[in-house]
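The next block holds one structure in the form of structure tokens; read it before the comments.
Should a chain be cited, it is by its letter among A, B, C and D, assigned in written order, with residues numbered from 1 in that chain.
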Amino acid sequence: MLKLVGLSGSLRPGSHSTAALRAGLRIAAESGAATELLDLRELNLPVYLPDLALEDYPAEAQGAISRLVAAFRSADVMLWATPTYHGCMSGALKNAIDYMQLLARDSAPYLQGRAVGLVALATPAPLGNMADCVTELRAWLAPTRVTLTANDFSPEGTLTSESGNRRLTRVVTELLGFHRALR
Amino acid sequence: MLKLVGLSGSLRPGSHSTAALRAGLRIAAESGAATELLDLRELNLPVYLPDLALEDYPAEAQGAISRLVAAFRSADVMLWATPTYHGCMSGALKNAIDYMQLLARDSAPYLQGRAVGLVALATPAPLGNMADCVTELRAWLAPTRVTLTANDFSPEGTLTSESGNRRLTRVVTELLGFHRALR
Amino acid sequence: MLKLVGLSGSLRPGSHSTAALRAGLRIAAESGAATELLDLRELNLPVYLPDLALEDYPAEAQGAISRLVAAFRSADVMLWATPTYHGCMSGALKNAIDYMQLLARDSAPYLQGRAVGLVALATPAPLGNMADCVTELRAWLAPTRVTLTANDFSPEGTLTSESGNRRLTRVVTELLGFHRALR
Amino acid sequence: MLKLVGLSGSLRPGSHSTAALRAGLRIAAESGAATELLDLRELNLPVYLPDLALEDYPAEAQGAISRLVAAFRSADVMLWATPTYHGCMSGALKNAIDYMQLLARDSAPYLQGRAVGLVALATPAPLGNMADCVTELRAWLAPTRVTLTANDFSPEGTLTSESGNRRLTRVVTELLGFHRALR
């Protein structure tokens, strides 16, 4: 069964990035995909330390890192969402991506053979450097990139706009179609 | 029969960008693909004028534009190569890409459903904005992006380095595999 | 007397990019600067050919290229504006910038010691690769980058929005202040 | 007295990014500037939490955040250096930059009126999104961007190459000149 893993770059409670991912994962689940949402607020990762193996991190951080890495490995396709902080993806998201280095020696290193879709909140500015990460990690970049603003959400923080849902449906459809064709 | 169209951003005689494309097209042909190389020096396109239909361009330019657009439409997958001019792709390449607007009303607009691979000469700097164009044109971006330098070529301008050929083979293999899976 | 040169990436009659530049140049003129607007539609440049000296271009193109290069040389500060074509600056603008190579052997090569401000129409997407060009040309990038949409203009195509004028005033003020401090 | 603050994106002991900054700060000190190096390994920052004031962070993290923010505020000019992690600046560096939000209500918000120079290790790929951050923070981007590789350093990790030192000297000179002209 195909699995879509969502990774949100916001640690804000009630985050629109996370709400957008929830909507995207629901669309995927309705098409029969398994889904997992990586909530960085809950995981509470330390800042990535290069050259360390998992067991060299402080004991209290190993559980979170190991859950993150297991979710990366289990993903057939991914959806990344980020707020715009100073014109780029959040440090929290980039920090989580940096742990991909722990997949460098997998038989399919990093995200090789998989596909990633991108969502940015507020402005499209972070999409360019997220795309650089996707290709450096050897994944395919889905063509539809989604930019959402506060107007796409209800006051309670649920994605409600028709155009937002339509674009999310399009990128999720691309990801599922990619995996079904190439697996 | 699958068709790979190469588009080179250099107008220099003996261009390394064009030589890299020739090598890439040869690799594709050996795998059974049809190929076409768009040589912008020979096409001699005028600067793109927005809002003009093909028949509104000067008569002497219509043949070149119409050949360019026909090649874009015939492509199942594309390979773009560019020199680095001031940290970006050449104006010549971006100008050729701007004519994609003439495919805006096709049933699969622009490059929808197709995939594009990227090659940069001298530095990887142009790859980011080429990737932006690929996704804006609704195409999939191949994960392997190739950067080549003068050292990868013989004095006569042929791509001779093993590592350069290996990376080109990888991106061409990605493109052909993409098309064979998704058509 | 300080001189601001505007360079517009649109060849569309009634272009918003060009209208934004006209507004920026007026603001500079009111502060006592000399101004020049490079209208690429009128200049009608051929696609840049690397390795050619000015006198190697077709005779009918030499006047336009020579006017462009003279304006580049005369600029103390520049303002560049572009429409968004497929997520990047227009090919027309990048092509004009490519002629900066003819300033490579000046005593202050390219735009060394000068500053450039950026304006994008429709989306901020082109600003990143325009910024790459600015720094590759050895110029300082002004902090305020302006994005304008059709809503900022009257139906006749004049920049009328207060917020648009305020941001343009800010970038022009940065450019004039930069030059007055560093000359 | 002019102050240059260096910010390194690497948490690796013996980091080349940090060594490059040390060299840059020494050059500045020899020209009479005060300098401070922000060592993110030593600071051990938590991941940035939006909407939190300093006093809402865990007590053990407040000292580090408050030292970081004080250094940002004290900087007349800054030099940022980063390793390349998956084609972008490190998450550690972006995370540190995200704390600039705590300067949003300063009388000169963020880095307004100041200038930043950029250094990337291994490849120039991170420079584009670092530049986006610089301008979003309202600072001027210094024209010389420095890319260094392992070959520029001694086995002990000191910057030894002549070309590397020359480029660092150039960017530091730009920063000091900028401040002396505009203060």
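In the analysis below, a residue touches a chain if its C-beta (ideal position, glycine included) is under 8 Å from a C-beta of that chain, and two chains touch if they have at least 3 such contacts.
Note that the structure is predicted; figures quoted are calculated from it, not measured.
Chain pairs C-D and B-C differ in how many C-beta pairs are in contact, and the one with more is B-C. At the interface between chain A and chain B, two copies of one sequence, more than half of the residue numbers in use are shared by both copies.
Remark: chain A and chain C have CA centroids separated by 37 Å (rounded to whole angstrom). Put simply, the C-alpha centre of chain B and that of chain C have 28 angstrom between them. Along chain D, residues 125, 128-129, 132, 135 each make contact with two or more other chains. Per the touch definition, chain A reaches chain C in the complex via residues 123-125, 128.
On the side of chain C, the complex with chain B involves touching residues 10-12, 40, 44-51, 83, 85-98, 100-101, 125, 128-129, 132-133, 135-137. Partner chain B is touched in their complex by these residues of chain A: 112, 128-129, 131-132, 134-135, 138-145, 177-178, 181-182.
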